[in-house]
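Next up, some structures in structure tokens.
Paired with subunit B in one complex and with subunit C in the other, subunit A is shared by the two complexes that follow.
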Partner chain A sequence: MIDTYDSNEAMLASLKAGGMGTYDVAVPGDYMVKIMAGAGLLDTMAEGELANKGNIAAEWADPNFDPGRQHSIPYQWGSTSFAVNRDVYTGDINNTDILFNPPAELQGKINVLDSQGEVMALAALHMDIPQCSTDRDQLKALNAMLLGAKANWVSFNSDTAKEVLVSGDAAAGMIYDGFSAKAREEGANVEYAFPTQGYIAWMDNVVLLNDAPNRENALKFMDFLLVPENVAQLTNWTRYAAGVEGVAPLLDEALRTLPEANPHEGAGQAVFIDACDEEVQAVYDTIWTNLKK
Partner chain B sequence: MKNLLKSGVAALALSTVASAAAAEGKVVVYPWFEYMPQELVDKFTAETGMRW
Partner chain C sequence: MAGGAASGGSATTDTYKEARNWLLLPAWVYLGAFVLIPVIMMLIYSFLTKEFRGGIIWDFSLAAYGQFFFDRGLFGDEPAKIEWTYITIFWRSIWQAAVATLLALAIGFPTAYFIATRPQKARPMWVFLITIPYWVNLLIRTVSMKFMLRDTGPLNDFLMGTGLINDPITIINTNFAVQLGLFYSYLPFMVLPIYACVERYNFSLSEAAADLYASKWVTLRRILLPAVKPGVIAGCILVFVPSMGSFLAPDLLGGAKNFMIGSLIEEQFKGNAGNWPFGAAASMVLLSMVLIILMVFARQQARAEKEAS
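For the complex of A and B:
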């Protein structure tokens, strides 16, 4: 039995609350790698410690959230937006109104991810305000918008985000692209949206934690996750995308044309989540905690 | 006898794998839920002798 988590913020909180020294590696998203490095939670890998580091795809080899890949390697990347059950709603879904100002057919039938960074970033796109804004009026409006939208949500859940769409307990739900593909492949008549306002792009990464009890083994595990055959096996299972060279020829044919990974022409921009500075983050934490009450 | 021998070899092989696992130790992974397929975890153990 291994410990798992359902959001970047939950993982960070558990590590800060005494989890350090227990685990060797964790799998934070891009912005969370930056936050963890800033908080001193990540160990540094010297040049040459990872035999397979050169397998990292060029576009992911020097990301702004971990310059030079000193602390992390790519795990998977993808997007987060929302999926809609087309038996319930047949109108246009490529608009963040689906989550935050939903049509009558979807009101009270929406699941939202229990994931602060993703909800806040998508809400900022919906309102066309910058992430990590410190403008008081914008913050007030953001808070009011979220509280109003919540009246139309049935649940806040990440680990059942796929199941509630398959079971029909939710008619629409915020979800990751691969999870939405799995819901569809499991029989739900859902379509993944690419809102015109934009949607979330992410990369999850395996990081080497400070005080890792098995540091040498952790490095071997990370090297294992840089072997194309292994990453292809992972990617065929997750339905996301890989950040390692040589994986593409080993992927399922269906992944090439996956609707969830191929935005249509009218799609907005895919936007990475910003890591707010600590003071600003505290404001967003308050909004989030209040929303979750 | 042949079968006995075979199963004896298999048992020996198994115990070798088990002791390799003990010798190689483990790696403690803290992932998102539903994010690491069991087949991949098993492959890692088979290749390195390491457990999760």
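For the complex of A and C:
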């Protein structure tokens, strides 16, 4: 039995609303692994239960969202920033000003992801404040900055983030790296930005759920996903990146030199989205509602 | 239905009366399981405490309704003021749905009249034609609308080709696009009930009115409209109510820049907010509003019937 979902939050909601015990594995994003583990939804894999655990690439073997990889293995990872239509704007795009303080050519032509986590994280990078800041002045400034920036945005679309760039409905848009590459392959003259202020990294992970009806098979499946040949096939299809050692030589030539996967020299740091605590999350929710009311 | 059956011949009345409860059982089971129980669950949830990141804690709380009606500032610790945010969102949804309903009425009424005045044999074909586009999934139709309306779409190409306009009219990502999308989504719900009424209308009444020197306008207003009023009201309700809770058209055609009731509630269950009691409370407010609207219509209808008899 397979079910799909359009956001981490939607998956969490369906698991909490009686979905536990139905599924063996789920594929949450980085910060959601931490949330699910905290909520006691994830089973722990004892040392040695996964034969291929050693194949996980060193930089992903001990991530902050799942220290020691006790509940999860890497599925695919990539980055989220934004892409700009080069027919419309030819200036420097490696700056978050493109979204939050755009040049005249792009004003009123910007799509942002309809996703609180991504918008807030990129906004925090833009303002050079920590994610999930508890500082009241910083939060007030964040609220004001976003309200001001919204005047230059034309839409909030996640599912159609690529399509609006290809069709020309938007001239710049927040987007995942793979979506941006697909937009370019479909003929849009878009360039993916790695802003100097930093950009968002994401990683989807396969997690072992508590009360899995077929725990043995789930582990077999996870082992399968850690074999370089298998995950290379997956990666050639998704056009993101694998978190497994030895995949690179098996990838398509085009994928190895993909501009969307190879940041330039001056690019800022890639950061994972933080899961805020309850108090800050309440403020974030209010800011998000203010933004969309 | 059961009322109609019971008012049949007097000999059969008693038989039906006894069987009626049993015959209605499937309907009651259905309504109970899929309407009544979920609504009661929503009602209970709306008075419970929220669990962080979705879920509920079984402690009585008015916090959800408090959040709906009172504004306590960005950090939730200022003195309470009236919260306009959600009223604004509700008002926007009502307004969008109302415009969509009026558009549907303006197009749907003449269409229904046209179909009802075709020869008997041709009518099913016209009704069939009305329903054909609705065999396609709503999502696909809404995305197609987006293609039609966008700056580089066929509509703007056509208008620019004819020389009527020089620059494309921006329709996509505006409120008008949402209204258009809602109107298109629910148009048959307006046409079909009105058609059912106009079809039963005795056209000799119109002729009689004309014989008595009533103008066409007066005949429409004083004779036809009162006769088909139940169909018009049913059509308006069937378009208005789903339009108000819709989130597909606002998201895809309106650019999701502003919450509508539907997307606000969705966000509470599926989005980051994860505030189930608040989503339930907003649903209860919406439900109460719809019920009030329906009750007002029902009372008007009852009064009109009383006057008629």
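In the analysis below, the second predicted complex is superposed on the first by the 279 of 293 C-alpha atoms of A that agree within 3 Å, B and C clash if a C-alpha of one lies under 4 Å from a C-alpha of the other, contacts with A are read in each partner's own complex, and residues count from 1 in each chain.
The criterion applied here is as follows: a contact is a pair of C-beta atoms (placed from the backbone, for glycine too) under 8 Å apart; a residue touches a chain by one contact, two chains touch by 3 or more.
This is a predicted model, so every value here is computed, not measured.
In the superposition on chain A, A:Thr4 makes contact with subunit B only, while subunit C stays out of contact range.
Touch criterion met: A:Asn157 reaches subunit C, while subunit B stays clear of it. In the superposition on chain A, A:Ala254 makes contact with neither subunit B nor subunit C.
In the superposed model, A:Lys140 lies in contact with subunit C only, and not with subunit B. Within the superposed three-chain model, A:Thr238 lies in touch with subunit B and out of touch with subunit C [touch as defined at top].
Residue contacts after overlaying the shared chain place A:Val27 against subunit B, while subunit C stays out of touching range.
Set against each other, subunit B and subunit C touch different numbers of residues in subunit A, with C touching more. Touch criterion met: A:Asn217 reaches subunit B, while subunit C stays clear of it. Overlaid on A, the two complexes show subunit B and subunit C touching the same residues of subunit A, namely 6. Per the touch definition, subunit B reaches subunit A in the complex via residues 24-37, 39-40, 43-44, 47-48, 50, 52.
Of all residues in subunit C, only 52-55, 74-76, 85, 88-89, 150-152, 172-173, 251-252, 255-259, 269-275 touch subunit A in the complex they form.
Residues of subunit A that touch subunit B in their complex: 2-6, 11, 15, 19, 22-27, 158-159, 204, 209, 212-214, 217-218, 220-221, 224, 230, 233-234, 237-238. Those residues of subunit A lying in contact with subunit C across their complex are 6-7, 9-10, 12-13, 16, 35, 39, 111, 114-117, 136, 139-140, 143, 150, 153-157, 160, 167-169, 278, 281-290, 292-293.
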